[in-house]
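This report concerns only the one structure given below.
When the chains are written out, they are named A, B, C, D, E and F in that same order, and each has its own residue count from 1.
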């Protein structure tokens, strides 16, 4: 059987040129890992955009996802705080179960 | 006038019309990126090979100095006007000003093509001038944003590093150097891709830029009539200054026009990326719309022929 | 410190040619914003597909994500109702916390 | 027979075999899209330049009229057969019928290439006919779906707009007009990309289409033997009609074959997108499988040589 | 009105060459469907990666998402168990509501 | 020495430098994939056409046998050294060994180009040898991983199937066969894309490979100094063996060098994908870093000129 451990999933929509900074923040709180996905476009209070990949990444956003335990989540959010407004980040947190193989648990 | 019927311009117009009509025509983004990387590579190589052939001349030195000085002074003037007439706060005014001090590689390439087709090819070293003019305005822009106060040394250096290592700057400079090293002979086997194919691929890219630019202006939020006006006045004024300076330092008509195009054009590749990092509070929608969706189409359709006429008068 | 506000995350898998209609529905209920992501392929009751980007978008789907408060969520779902079957939409709703910087809260 | 050994066909077969063998060979989707945009641009330009050279002739008018009439009548016949023999409900029958009334740009391009290589180049204006035949069948299909009752005016207009603004229609028509404007001379600098490179890039695209078509048929659900049979009978019948009409109005062998190919081919770019919007309840897997995975390969491998032989007999 | 049914959303980050195996597992438990999305890159205990699409897919991962009822979720996780460690899968489970049109419910 | 200044190498170095300097220069991944598909198609066609011209010769047979034997034996030696000196467990040692028994298509292409430019074109059949050498080492590697015990028949067959149907193997082999079928004459219309454009596109691809390789080594975790040393010693030793064998069986200088390059190079396309499937517990970061980030750059910059000199001495 598998075991499940409760975790937080933090998803951050960030402009591509700022991804490097976000990665440094995640490394600063010793996040276990993260995964990055592209987006195609969107719309918000600052207008509509398309990921054109030409205009220097200023017109391109990615989703940065990291799955963390509660403590690290708090550290990350705290470290992110000054960036949320400055970088115009869209940050959400939700509950997930991380699935592990049983033997792994024992190991 | 007849340059308006060159395929390059016609494809740009086709793209813009399609986007305005809300056609679902769209290039896959990786193709846009691939084309822009290709064009920078090709233009860099070409510049390097031309300079390898002619050596470093006094003209090159004069043009480079002129370009550098222009790219440092233009943002200062633009900043003042954007603050007063344009009614922007100092962060946004500085960010926009930096775009106008820097240059648009694609505008330069289109102009270069049109001038060459009209029998007035600009000197090859103008590609080196293009590369030199990409980044200094970014630094000037940041000083302006900080009200003349310098930045903290550390973050300044980091930004400098990231700006100089911007993909487009590296590719343009790197290809230029490769062109210098391999020279005309070494270029031959790769010329079918980087020279023979250039014009046709430029058409495809400008079709795409027409789509991108028109789509951006359709969805722009923060544009005011005053700012749109400035985005047309800036290139006219800066282009005229470029012509005057080019004529003064003794450049030929094609090369003078090229300098005018560099002065008149506004960056939408290297500078937006740098501003997003350095002045994240500035409105990216604003500076991209002005440089890409107003000034760029203006230069492509009206500006380039205009500066050519001016240069003919002055030189 | 950051503050968290409970929100609904609505994710809709939609054929690319129908995205425009979906956007109009979202605008109709005054959704704050949305983000669009590509997909590579999938399988369901109507067979397997790959996003080939050639066959006029009829063989291509995107994920449309919008984060809304409860009231707007209800409006959106109601407006979507006639489209769900007609367009073959896959719609899910889940709970997330939207993260804001503290000062933003105060502002 | 020997056209079966042209590189274009061989690459298509290679792609199909790879997909049937479940190889993981796959083109990145943006590359597929980029190649299809390139081909439409190139064929549009070519058509415009040829028409610019020869002017608007009676032949052009006749062929255009023939094409338009065929694209309006074919769906009506196909609809009846799909309802009765094919056992489809009226929505699905109408959606499929619209595909057969419209045309496949890639089939046309492949046929055009093969005919040109065999010394029977179709007239340039057939590219205009191709563009004309892309959309009318969509409207006919919608009328059929609604049992002959018209649509509500408003949504009809909106659909019309979206169909005429479909990316492929805009690109083909736009490039055609650019070709008309620039003519042979203006085309020269961009010919290396749009002409010299055409054949090789067509090979790559057909390799990809082989992969896409074969993969689609492997995963098709709703196909019945009756429908597959129809997807082979339709092109034969429509191609024969195309030959007869072409011969009647006095076209040469190559041009007659091209008209037959247009009649025989089924759209899988513009029409599916329009049907997804206009008849969302119709089964996209069904119409795409029939047009792309059955009729398209049939035309590429058997149909084109067949129509060529027929045209030779009749003209 | 729409109706909502509680479901589990299982998301699996998997190396592209192993996707075929995963699909077979999903078919084995008769999952209703799945959707696949690309990723751009990430970092974890085994280092940082970028989806370069050149190195035979060994340097490329996709997200495999499937929305299942509780019973099928259990079957899937059980079938996945031996693969989790062997393939280095990242598996998470979360709660979502699947939205259906009312008439569909009746049908 | 002068081959170091060929554009192909210079672009590779530019890419590597940009990545080491942490520039944000990056190619869109679909473009990388598209370029690699193009190169395999082009090289396959070329090989087929050359063999079609010369027929199947004794030389071909000898070179093919030599290649096959080398690709089966190299992994055995490499495995032993990786276990003892490299301190790897048997799964990882086997996975890495398989990479060195197989070949790198891009290294071969770059070498082929450089040799042709230097007036020592390798025989066309070496492309068939390249295709033959891609997969056997995978099977040998799996035997090694299982301590000499065979695999279960069923999973062995399945793996064999997936390996032989790997996209790159299918594309290379398929294009080779198409080249055989169409011959020189049939190739002409597609030559502008697959021949004239080859060199320039190879430059772009190597620029990208420089970026990818350097980025990979920057983020490699599990590399030890011993393993890096082996990743340099392996190509030298295997390249030397390749030279000796080539000279022994009577190949000319260019062809001998090509055999050496095949022996010396390590796969980073077909084998990693196969290993991820067959030995999922092996560390992909490890084998990719060694083959792509150490051995590949070594071969491109130092190895190819080295094997050329050796071949000149021996033949």
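The working rule: contacts are C-beta pairs under 8 Å (C-beta built on N, C-alpha and C of every residue); 3 or more make two chains touch, one makes a residue touch a chain.
Everything numeric in this text was worked out from a predicted model, so none of it was measured.
Asks: Let me spell it out: compute each chain's centre from its C-alpha atoms, then which one is farthest from chain F's centre?
Replies: Here the answer is chain C, farthest from chain F.
Asks: Same or different: at the chain C/chain E interface, is the fraction of residue numbers used by both copies above or below half?
Replies: different
Asks: Would you kindly tell me how far, in whole Å, the mean C-alpha position of chain F lies from that of chain B?
Replies: The answer is 41 Å.
Asks: Chain E to chain F: how many Å between their CA centres?
Replies: Centres of chain E and chain F (C-alpha means) sit 34 Å apart.
Asks: Which whole number of Å gives the spacing of the CA centres of chain A and chain C?
Replies: 19
Asks: Between chain C and chain F, what distance separates the C-alpha centroids? Give it in angstrom.
Replies: From the centre of chain C to the centre of chain F is 45 Å.
Asks: Using the touch definition from the top, which residues of chain A touch two or more other chains?
Replies: 17, 37-38, 53, 57, 94-95
Asks: Which positions in chain F touch two or more other chains at once?
Replies: 24, 28-31, 33-34, 166, 192, 197, 273
Asks: Residues of chain F touching chain D in their complex?
Replies: My answer: residues 28-31, 33-34, 37-38, 41, 162, 165-167, 170-171, 174-175, 178, 181-182, 186-187, 189-194, 197, 273.
Asks: Touching residues of chain C toward chain E in the complex: what are they?
Replies: Answer in residue numbers: 13, 37-45, 61, 63, 77-78, 80-82, 84-85, 90-95.
Asks: Show me the residue ranges of chain A that touch chain B in the complex, using the header's touch definition.
Replies: 15, 17-18, 21, 46-59, 86-88
Asks: Residues of chain A touching chain E in their complex?
Replies: Residues 1-2, 4, 7, 9, 23, 32-38, 62, 67, 94-104.
Asks: Tell me, which parts of chain B touch chain A in their complex?
Replies: The touching residues are 29-30, 32-33, 36, 166, 168, 208-209, 212, 215-216, 219-222, 268-277, 280-281, 283-285, 288, 292.
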